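Chain naming follows the written order as A, B, C, D, E, F, G and H, and within any one chain the residues start at number 1.
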Amino acid sequence: VRQGAGEVVYGAGKTAEQIAAIIEALRDAGQERILVTRLDSEKAARTSELLDNGIDLGYVPDAQLALVGGKPSPTGNGRIVVACAGTSDLPVAEEAALTAEFYGNEVDRLYDVGVAGLHRLLAHAEELARAQVVIAIAGMEGALASVIGGLVSCPVIAVPTSVGYGANFGGVAALLAMLNSCASGVSVVNIDNGFGAAYQASLINHLSAGTPRAR
Amino acid sequence: VRQGAGEVVYGAGKTAEQIAAIIEALRDAGQERILVTRLDSEKAARTSELLDNGIDLGYVPDAQLALVGGKPSPTGNGRIVVACAGTSDLPVAEEAALTAEFYGNEVDRLYDVGVAGLHRLLAHAEELARAQVVIAIAGMEGALASVIGGLVSCPVIAVPTSVGYGANFGGVAALLAMLNSCASGVSVVNIDNGFGAAYQASLINHLSAGTPRAR
Amino acid sequence: VRQGAGEVVYGAGKTAEQIAAIIEALRDAGQERILVTRLDSEKAARTSELLDNGIDLGYVPDAQLALVGGKPSPTGNGRIVVACAGTSDLPVAEEAALTAEFYGNEVDRLYDVGVAGLHRLLAHAEELARAQVVIAIAGMEGALASVIGGLVSCPVIAVPTSVGYGANFGGVAALLAMLNSCASGVSVVNIDNGFGAAYQASLINHLSAGTPRAR
Amino acid sequence: VRQGAGEVVYGAGKTAEQIAAIIEALRDAGQERILVTRLDSEKAARTSELLDNGIDLGYVPDAQLALVGGKPSPTGNGRIVVACAGTSDLPVAEEAALTAEFYGNEVDRLYDVGVAGLHRLLAHAEELARAQVVIAIAGMEGALASVIGGLVSCPVIAVPTSVGYGANFGGVAALLAMLNSCASGVSVVNIDNGFGAAYQASLINHLSAGTPRAR
Amino acid sequence: VRQGAGEVVYGAGKTAEQIAAIIEALRDAGQERILVTRLDSEKAARTSELLDNGIDLGYVPDAQLALVGGKPSPTGNGRIVVACAGTSDLPVAEEAALTAEFYGNEVDRLYDVGVAGLHRLLAHAEELARAQVVIAIAGMEGALASVIGGLVSCPVIAVPTSVGYGANFGGVAALLAMLNSCASGVSVVNIDNGFGAAYQASLINHLSAGTPRAR
Amino acid sequence: VRQGAGEVVYGAGKTAEQIAAIIEALRDAGQERILVTRLDSEKAARTSELLDNGIDLGYVPDAQLALVGGKPSPTGNGRIVVACAGTSDLPVAEEAALTAEFYGNEVDRLYDVGVAGLHRLLAHAEELARAQVVIAIAGMEGALASVIGGLVSCPVIAVPTSVGYGANFGGVAALLAMLNSCASGVSVVNIDNGFGAAYQASLINHLSAGTPRAR
Amino acid sequence: VRQGAGEVVYGAGKTAEQIAAIIEALRDAGQERILVTRLDSEKAARTSELLDNGIDLGYVPDAQLALVGGKPSPTGNGRIVVACAGTSDLPVAEEAALTAEFYGNEVDRLYDVGVAGLHRLLAHAEELARAQVVIAIAGMEGALASVIGGLVSCPVIAVPTSVGYGANFGGVAALLAMLNSCASGVSVVNIDNGFGAAYQASLINHLSAGTPRAR
Amino acid sequence: VRQGAGEVVYGAGKTAEQIAAIIEALRDAGQERILVTRLDSEKAARTSELLDNGIDLGYVPDAQLALVGGKPSPTGNGRIVVACAGTSDLPVAEEAALTAEFYGNEVDRLYDVGVAGLHRLLAHAEELARAQVVIAIAGMEGALASVIGGLVSCPVIAVPTSVGYGANFGGVAALLAMLNSCASGVSVVNIDNGFGAAYQASLINHLSAGTPRAR
């Protein structure tokens, strides 16, 4: 089992039947907590019906994911900040925040901090300063990663989102902006990949001196 | 003659001989001030040699342009701010600033205001607040346009530059970022087109109520 | 409040419930006029039902937007021309024209002036000559911006549209054409972004000499 | 031999030695007239030296081509117009014009007719009206093809050029514009392919009713 | 009226109501024959219902177009060949063929001549030899244009189609292949633009020596 | 050692000193035959000077490679055909042909068989029919792979070349065409990768029934 | 008939009526086995209904294809391995595996061997070692082709799939990775083209020494 | 000062004069250690000459950087592994390794571990297992990041390099592969950005529980 207690299922391209079967098999094998990502509401409803009595899917529509068995107590070294600009980036932000919590991290959500209104971001200097890692999520021009990268001295993981239209090309504009960030300490994951950013953030937040935990 | 006193020559793809000939013809026709853009140092030197006595090319190496006949007194409604992050964007910034001055505008240069060091930008709140137009010049992730767009209430003309490497694709990353700016009031010109931004900024800064000036 | 009396809501990616709630909150806070952009007919109908008695959504299907509280009296320095080629560009053109009116500008609509029939454009020389700003909207090859840029001496804001097929690549062909315009005085906004063009045009049309209006 | 009297050699990627050898072989085989395209001045000079006495290379630096044996008398049905905006498109325009003449066509050159100055194009209504084919050559935004396409009722062959910088992407902006022309009757050849446009224009100008000429 | 007797309506993005109204207006204005392109079956049915008695829409589902008033007698100098590989290219091929007939041309259809079975193409040497123009239509790798270009000595107008999947990128693969054709005499129109190819082919097939027809 | 007797060194990005040292080390280790690819003439000359007495570099300028120790006797099941259109594709074709010979294959070279002159290709029906594998090399529109794929019933490995200009985008046009080939039995390697095609062709030509050779 | 007993029909873009008619015509002409690819479940059901009594469509939903007349006895020289990472690549993998069986090959399926879990791939060293050809199928980063290419000494045909999201661009990421494989002996087919890979693999697996089979 | 003792200068686009002046100013201000990246040998030599007595530039040609004042003693929590495939990726790998050492990290270099020879990578299981962070550097198909990501449980920072040709598009192939990695725990920096990867790796390796270090 990866990183202790939790197992993850990538829901896209799997049927409700397949997902329910995987969940039951994992539970039978003693797995307490299971995260199912990329699960739309309709498929979640069908999966829920298919599950045996006693298993609660724990579906979170805003994040399009399910948390079977709930979240563990936090075990990380510090806190993870998840920052984004607003409503349209929320699904990706919640995928990141809940994934981080699923892997045992405390999360600070800064969800109204787009660069067109800098004061709102600057008002959160304290949360930013105490973060072990920041996950910066942005669509459109993706400038948030650079601005945050300049404000903090911890690692920043940038997540471009597909939010926008026209010359955003489904997230490419934000992706390129983030890869070219003039702020040091920023790395990037795939477009809309909140899960991947949170997974790496959790690894960072759980590192201990010397040899890392066995896998 | 466009916009009163000045005529502009696009130097790229013209020989020193051609440029010198054009300058002399324009001077003979009574044109006092001539701007030659995209003129490298070598070609400028040869052009200078070719010019008849009495004509000073007025070459500015940092901006790769020549200002024959110098700059006029400012005639605009207000001031134009030219903002960029630092040394690598300087040639484009100076092309913009000198073009604006050539067309009769007062210019404030803010040349060390990259978004990875927000405090340097915020320290110039006053110049930004009194601008009629801001020209925001940035390579890499091009975030400067959005950040400035959020700070000011005047029009912002964004100029992406080809500064950077790898996935900046010769300025495409900054161009896309600027086109997708989440700040309202931002429009964009071609990569490295400091001239074009300044030309439009000057038009804006010279508008008067009612019918615009005859062309 | 930005630019005086009006507030704007970006309707894409918001539910009717969210939009109705925002409108009511803004009205309760004393906001008289609200513009909701990117609102399709179906969502508009649902929003309308959800609104409290006494609030008229003011939906305009042709522009896919709603003007709660109507338009103000014009306050700009001059007139804004909105020009496009024909029926397929109309939604973007009306988004631009109504946004401009929402922000207090007088608008001249030139809606049948594609470059394949130059005489129709040339017949409007008078409206073009008296414009403070022209918004040039075109899909396909986007040539309208260059042709108008050559005819007028005021700023031109170009809006590429996604109209076309095949190698237009959803508006990229027009976008590139406009960024490479051989006419000076042209800047560009994102594909289909009629709102953004009108917002900047309004800023330009409301500039006064000296210090710009406080934000 | 294709289209009667002339043979063509594509000079790019061939050495002066190879080109001289091909010319001599063709002359020995009785070929009177030979066109060598894409031949830079240096290679032309070396080729000239290598040629046996009596053969004049007939190099034209402006078009980067050589016309061994000169041009034939025109044999086409009508005239071909070659139109472009100015100095930077000249090499492509002259490649087209001289190729057309090499294949026996009368050519009208309209070389200062960019769309940012419509009156200059409109002043040539007569030449345009009497053309059998127009070759419209343009870099940057490539709008010339659409504007001419709207003015004439004969076929227009559009040649995008690589003239420009930044988001012109080596001619892609003009290429896409021309492929998306809103004017009917326009087809397109490869970027900078003045030869190809002229070759097809010549085919069109030499068509006779009924069966076309044997190949 | 363009090219004499026929008027054309681009159906995409127009409602059945708009199309019916345009048809009736044109008929009232004395226009006998009207071509409506890009008209899907459903919209055609509704248009048909809306038309006044006595007007037959003349819808052709295979070509997604309507021929109100039928086809005229051929008036061109010779014949136009329309060639393609098979079933998937048929809609584009028929759009081209019927457009050509609508403008008064005789058309030879070669519809099973993909380059993976060369003998089928070579079996049609006679039709190809007597063509005034060939319209070569192909998706996937678009090789047909080059192969036909090598076989004939008349102009070839190439139409890339969006047929294929994966790295065909909606017709880009075929478009690029055709623009880079190693055969001379080939020009290209937009992806799936059967109409545009036929329109230009008709212009070519109706050229007469000397001055072209007035527009 | 890969495939028995021969070892290969990729010369690009290595200095003459490094290459000479590698060759000597391999010879000292008993390696008789060494292939050095992507070696330009200048670097080859310096490498030759650096080599100890007794080692002949065996440089072939046309293929930009060196064959230390010459070629072995052929050991394959049958013959490999290497086909291309002409002079500009020759370096890639010779890289392929000599690599195939280096790995113990008999090679038939068909070097003047571009699709614009089909008869030249059809004249080689016999060589094509007896091939175990065909390597089809083409730049520009890359149609050769499809045409050959339709003629033969053995595997075809297609090599796009960077030959061409403008919209060939350094070989992308040919690459896409080959990936979209309508002929079955065609696979593709990287642009200009004559070595890779020949390596796989040799593997195919050396397969024996049952278990393949140990590596 | 190509390669003996089987005929193939490309189902995409054909109606159930067309497919049923083709199957019956081929059966009437004596064709025993017919493969129909790219056939979705709905169209398959309709096709099945339309077929005359006695013809079983043999539809395989997982591979989206039909095998009329079943599979022949294997006739190849050895075995073909089809390898992929997991559930999402299955449709392409089964298209490849069943196509290979249709053409008379024995197939080993390795379907859970993604590179993020190397041990699963390494556990299949034996099947890999005895393959005549490996078909390596992968979406996302497409690394499987390189890893397998390094492990085996037989030819590898790589199939990029469109599986993934964001910057996978519908399979382009995997396609580029495979074209740039650092392992020798790898060639590539179009995105999702399991059929094409299997067709070429079958050709390779049926090669005999000397002259290949007549077509 | 960033991260304690060291200051970094980006050498690209600065003259030797500028670089020398910056170094001297920093030394005068008490900065002991300075890293200058992207410094070619020629510029380094000139910079060295310009420096005052007593300052040693500490140029490392293999990494194209200078380490003024040498490296500090390591202060990180654990070790950083820098892994790449071979000679062509060395400059980027050394930029990463030396940057990491400059910021006080112990580095393990694994420089011959390309995925086409898995055994070489697997032989380093021990170094990989004890890493706090792995920097995976690869050109061509970039598969190394995914393979390492599957082997380790610590964070992996992937650096695509521009090594390769043809369809690698200057590093885009590797970049896309890395962004689409099927292994969790991988994030990506810009093409060739060894510095950026090492900077973030150092931040991760210096994190302590609770509040991170003040900046």
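Convention: a contact is a pair of C-beta atoms (placed from the backbone, for glycine too) under 8 Å apart; a residue touches a chain by one contact, two chains touch by 3 or more.
This is a predicted model, so every value here is computed, not measured.
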Third chains touching both subunit G and subunit D: E, F
Pair with more cross-chain C-beta pairs in contact, given A-B and E-G: A-B
Duplicate of the D-E contact set - from A-B, B-D or A-H, the pair where over half of the pairs recur: A-H
Centre distance in Å when subunit A and subunit C are each reduced to the mean of their C-alpha atoms: 36
Distance from subunit F to subunit B - Cα centre to Cα centre, in angstrom: 51
Cα-centroid distance, subunit B relative to subunit E, in whole angstrom: 48
Residue list for subunit A, restricted to those that touch at least two other chains: 166-168, 172, 175, 179-180, 184, 190
Pairs of chains in contact (touch as defined earlier), listed by label: A-B, A-C, A-G, A-H, B-C, B-D, B-H, C-D, C-E, D-E, D-F, E-F, E-G, F-G, F-H, G-H
Contacting residues of subunit E [partner subunit G, same complex]: 87-88, 163, 165-168
Residues on subunit B engaged by subunit C in the complex (per definition of touch): 2-3, 77-78, 129-132, 152-155, 157, 175, 179-180, 184-190, 196-197, 199-200, 203-204, 207-215
Sites on subunit G touched by subunit H in the complex: 85, 114-118, 122, 140-143, 145-147, 149-151, 164, 166-169, 172-174, 176-184
Sites on subunit E touched by subunit C in the complex: 12-14, 18, 160, 162, 170-172, 175, 190-193
